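Okay, so chain A shows up in both of these, paired with chain B first and chain C after.
The block that comes next holds the complex of A and B.
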């Protein structure tokens, strides 16, 4: 042969021989299959080029026509098919399209254990891919087959069973079917087996219990202490991945039951232990360490006590130190920011450490422009929670161009989740003292916030309005005017009447902040008389207390103005022509204390005895039944209400008690 | 004994306690050691674990027959594993790869670093044998794509290809790659991966027990003088130096 060894290795040559081997058969099949297998194992590029050249159907055709007595041929076929499916979705698709599935299933009942191994491995590879078909757990025979797999004394076959579960079990119903069929118990038994059995069983165990308190209480509760004990024991296993998976299962158990009466994992000792195990795993710079970070953040996310424990275990220092490392992978950065974000959501000491750690804030803000979406989101949320530190916020620590510019840039991001995270961060950052707000406004932030407040996505819209509301808080008149100019009247009235009560609440809060402060601010409400009417209409129409409270505070702020403004509020609240109970009395009778407070405050502002129309207003309010309603409230259970009611009554009395 | 001398003796004892360490004589020590019970089966298992992990398959087979100790692994797989190891050690990397794939195709398919190191070793062997053209082609077709997938692979690849740039390779900064130790490193990496895939620990337990012995002795040295073992080979107890 003139050609060198390497030219026969060329895909085209090998494909040729594979095709002819598939057609004529004979000894050549085995040789060419083995060659193909050794070419593609571990080599993604070669897999893809052979898939393109159509190698997979030829291999499957050899498998389908092979006699079940030629064990080594079956093994080579299955191994080659398995490798095509390993780590390459296009390979899984090619394998399935070529009809390999039923042939591989047949191999599972072969008498030669090595053939069974090869078949199970190939099927396992298929099920480890997202491209695999969903396994139907609702069919009884499928469950039976699955259990028969888990019962086999072969780690590849049990591994296949576990992979099927991990791949296909998604809904609560599926979880319940599997748990009721005794699958959890079988998986627990497999924990005694080999390392790979232990790991695949833990993975499917986690899949079955995930966010399913019903399954957990029934199968993992104290009466099944062996299960719980085994999991705890495995957090000390010598293999990092096993420790991680055990921690994942325990975290899922804790999170799913933390709101129910029978919550597990309450012992501080165990909780601390788990945090320490996870922290140690974080030192691994591979996948295990990455996943450990996400597990840790999900473990501590909703409980301040756990955040404290993690803080005491020096988590913050460790992560601040780790993020300084160069060329960290995206997943690692995301994990670090997510965990730090969790820790800084409540605990001021955590924020202090982050802010005092050299370069930490720079690294976080740098990550706002990272190419990976999830990293941008995580960094942004981390920044938001760090900036909850009133001490640092009010010192103007965040209103610097280095922080603000990239955050504003994120408001233009193509991903909605980034936009929402950026809006939440902006909301937080702009609750700063007035001197620092101008930077945000000058940088063009307001225009984009206004743009996003018109978004079709309700979360984006809500958070944009929220950010505007916070921006408007205690802002100077010049900035206020700029914001109002950008926002414009009609969009604002539309937001106040939005179909989403949460948006309404924030929009009314925004108006409240707009009219707060210098008296001339109130004038914004009287531009064409529209805003005040809209707010008044919502007071009569809305049902959500939060919306009513905000609307009432708008009225309250306006009522603090001059005669003209007070009269305008009277018109909105007390309707003389109507025989029905006026809205102000209805609202005074609310069950919600904060709403009663807001209404009474408004009455206080309306009845301030100085001013020409004061007496007339008191008379009107009395006729509307407000005074007698107030008298019923002198012993209101809410102290705030009680005090203001007394002030309001006192002011009304200055003009004499009309009740006699 | 007069009161005076007895006081002096007591003082001396107190002083000894304060300044020097507790002394344990050979007799006391041996008595203490004799009280520690070790089961014969455990000893046998440790020996079997050593033979199996280190790959002494014939010895393991003999030991199994003579002592009745069952190995925790199919002895046939040891032969396969040792064949792979030997192939790498003697520079037949392609052969080693084929053998690993026959043993368990998952190993190299799910362990990119090991796969890269084997391919790198293949390249080194081509260069060592002066097959420059083939080496370049191999680097281009097989290794370059792996470098694109992983930054650290790319750096290692560049270092390996640098072998072609030096006339006196042995004395070049990358000369270590041609060293026999590089083969041994790769061989031990494959060996460990195969053992892990068989759920077997990659290191025998015996050396760690000895390490623990040395460590414990070092700890004890600070508190006491006792007959210690310094020579692991003879394991003789040496008289305490007071």
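The block that comes next holds the complex of A and C.
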């Protein structure tokens, strides 16, 4: 039968003894410290409990008052402090608040190697936490101190140096200071050391080169064959974490230099090997496997060739299989969706595998309601990229309640990043070429898109308008009317005149789709006569070619209507009272071929000879200098422009050649 | 002052081994949303027959030589409703695809036999016979050659008694948006001709629409 514990074994008792030991000194200190350390090692609950009871200041007090000759006491203090700091941010905070930091730093210059080791280990624990103070690399003496740590022949001391870098190096300037001071070379040398040294060095190395092509070009790359070769060699290391870290470094090197002329890692053989190493690491269901997924995704993200290599290595099958395992952790799900999303961003065969996998689409859509925000975002982006397939969009694969309803729900998500991801996904899903757009409309999707198009967040607003524009593409008349009723005239005119040119472009694309289709659709633009005026004003005011292209196609579509509609376009584009050059001539002289094309199509529609007012329009266009300008363009370098110019001139000349 | 129009040149040969051809230039009449209508002649020795056909472009990716859309056959005898199929097109840009099909039971002889039915192909013939047209630069040519392969039935089951086993050799005119094609399927009547013209859906002019995938 268990008896009641004596007070000396309860935390309160231990604290009492610790306090009195701190005050009295002697042998008791060592004993109580050892006891405390043994209790808290690996036990988060006990650490928090002792922190609450105020144990840390007592330990630091013992350390600060200990004579430098009592080595075993110094070691016990450092070990206990290190244990409090290990893996618990509250512990790090308590240690720092109690003023342990300078005392631990002092231990590094102790003559006894074991004391140095204990001090370094405790400091390393502190630097592995986000709560640790930022190290100032701009102080020369700090760099000297850091290099002295990396030069030491002690695993924990060099590990401390590496941890300081990993924790504190954030800016390009800091990366440059460290690289210029020769830190990268020292880290590379440490790759020959123990597993722990290798791994901490690789982490620091990654921190210094991350997104810094300047540092990479100068210090890494094939011409620095030792560095590059060592990293490649470590992708074959026996330890998974080492292999992963080597892959992370090589991925950072590749990504930071892929747009420059001196891009590294071009060899297909090396690229394939790297993908295979990462894929093998994905089989680890711990942190290494999770990080391997994110590294693989980052490695292939922006290069279709790499996506092809990953596809050929059966990555899609593997991930589709893995996502079907039960009770996957959030991080793993996020990694799978992120990598699948990268693969499906360009490659149709990848999308086909995902969509033909019996459960993949169900798992992805289920994850749209996951409790973790990052998983919802990753699932959404994955679905967005899978739905880039016109083939499956056309088959109506996505416009089902099972897919649409959870995506619409995400439009109401409290997280903006989820909302943006959902808007991007909706933009694709609503392209649906069949007559199923009504499902989205009836499910309340349009109302929320309209709401989000009024958002103060420019990304939310842009993507909401984008989705509405795609929804309006080839939509039937009934749905078109419903969308227009929800959207309303004034919000639409505001969007066309938005201060963000990208919003304007999408809004004008939306209007262009609105007035496409049955000829009656053009009437939407004449509601209270406002929209056409707004579009005309933007044509005279905007400078971004993409905005002008969309605005001109609105004019073009209206000019494909009846006589009065053509006349309305003429009024917007040709002002006989204005002595300035006509906007048509100005835009015909643009360097942007797609803009010239849009303008010439508008002129083609205005000069179609069958209309009653065609001759009058041709005369006006001639007087405005449009016909002369077209004649200058008969050999336009753009074939599309050249052919339309011929049509426009041919139509104009139906009424006689005005050249004389 | 009238200016002489430069006639469209015959496609040029690219110099040397520079096979990384430029993509074809976009043609607005072959962009997403554009609609075409016409007929497909399905006559057999026993019977003259033509189906009315509507085509709509749904996707276009010139970088990858890809085009896709739907084809609707309106008066198909054995079907109660119009039959809609989804097709994917390979654009012969000499970068992604050449004139040689190398699949779908089409030999290079079959290819040449079909391509030569298009008058606009004749300036290309001699080079195509050599290398499938790989060394031709078609980026300024007024005609776009394609293969359209139907992938699935959109509104009827695969057991509707119709076949989509074959594919079309297609020639698109950038000048007026007209499309001519020949259906090839070793098991169907040879050289069934497809003739389509761009439609303006009751408008007095051309209208355009667009979407952008994210």
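We adopt the following convention: the second predicted complex is superposed on the first by the 650 of 660 C-alpha atoms of A that agree within 3 Å, B and C clash if a C-alpha of one lies under 4 Å from a C-alpha of the other, contacts with A are read in each partner's own complex, and residues count from 1 in each chain.
Here is the rule we use: a residue touches a chain if its C-beta (ideal position, glycine included) is under 8 Å from a C-beta of that chain, and two chains touch if they have at least 3 such contacts.
Keep in mind that what you see is a predicted model, and the values were worked out from it rather than measured.
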item: Combined model on chain A where chain B meets chain C, clash or fit; value: fit
item: Which superposed partner A:86 touches (first chain B, second chain C, both, neither); value: first
item: Between chain B and chain C, more extensive residue contact with chain A; value: C
item: Touched partner set for A:121, first chain B, second chain C, both or neither; value: first
item: Contacts of A:371 with chain B and chain C, given as first, second, both or neither; value: neither
item: Contacts of A:608 with chain B and chain C, given as first, second, both or neither; value: second
item: Touching partner for A:388 - first (chain B), second (chain C), both, neither; value: second
item: Partner chain in contact with A:43 - chain B first, chain C second, else both or neither; value: first
item: Superposed model, angle subtended at chain A by chain C and chain B (C-alpha, nearest 10 degrees); value: 110
item: First (chain B), second (chain C), both or neither touched by A:195; value: first
item: Lowest inter-chain C-alpha distance for chain C and chain B in the superposed arrangement, angstrom; value: 39
item: Touch list for chain B against partner chain A, complex; value: 97-98, 101, 105-106, 108-112, 115, 134, 137-138, 142, 145, 149, 151, 196-197, 199, 201
item: Footprint of chain C on chain A - complex, ascending; value: 384, 387-388, 390-391, 393-395, 424-425, 427-428, 431, 433-434, 463, 466, 469-470, 473-474, 509, 512-513, 515-519, 553, 556-557, 559-562, 566, 594, 597, 601, 604-605, 608, 610-611, 631-632, 634-635, 638-640, 643-644, 646, 657, 659
item: Residue ranges of chain A in contact with chain B within the complex; value: 4-6, 34, 37-38, 41-45, 79, 82-83, 86-87, 121, 155, 194-196, 238, 327
item: Residue ranges of chain C in contact with chain A within the complex; value: 1-6, 8, 25-28, 32-33, 56, 58-59, 68, 70, 86, 88, 140, 142, 151-152, 154, 174-175, 200-214
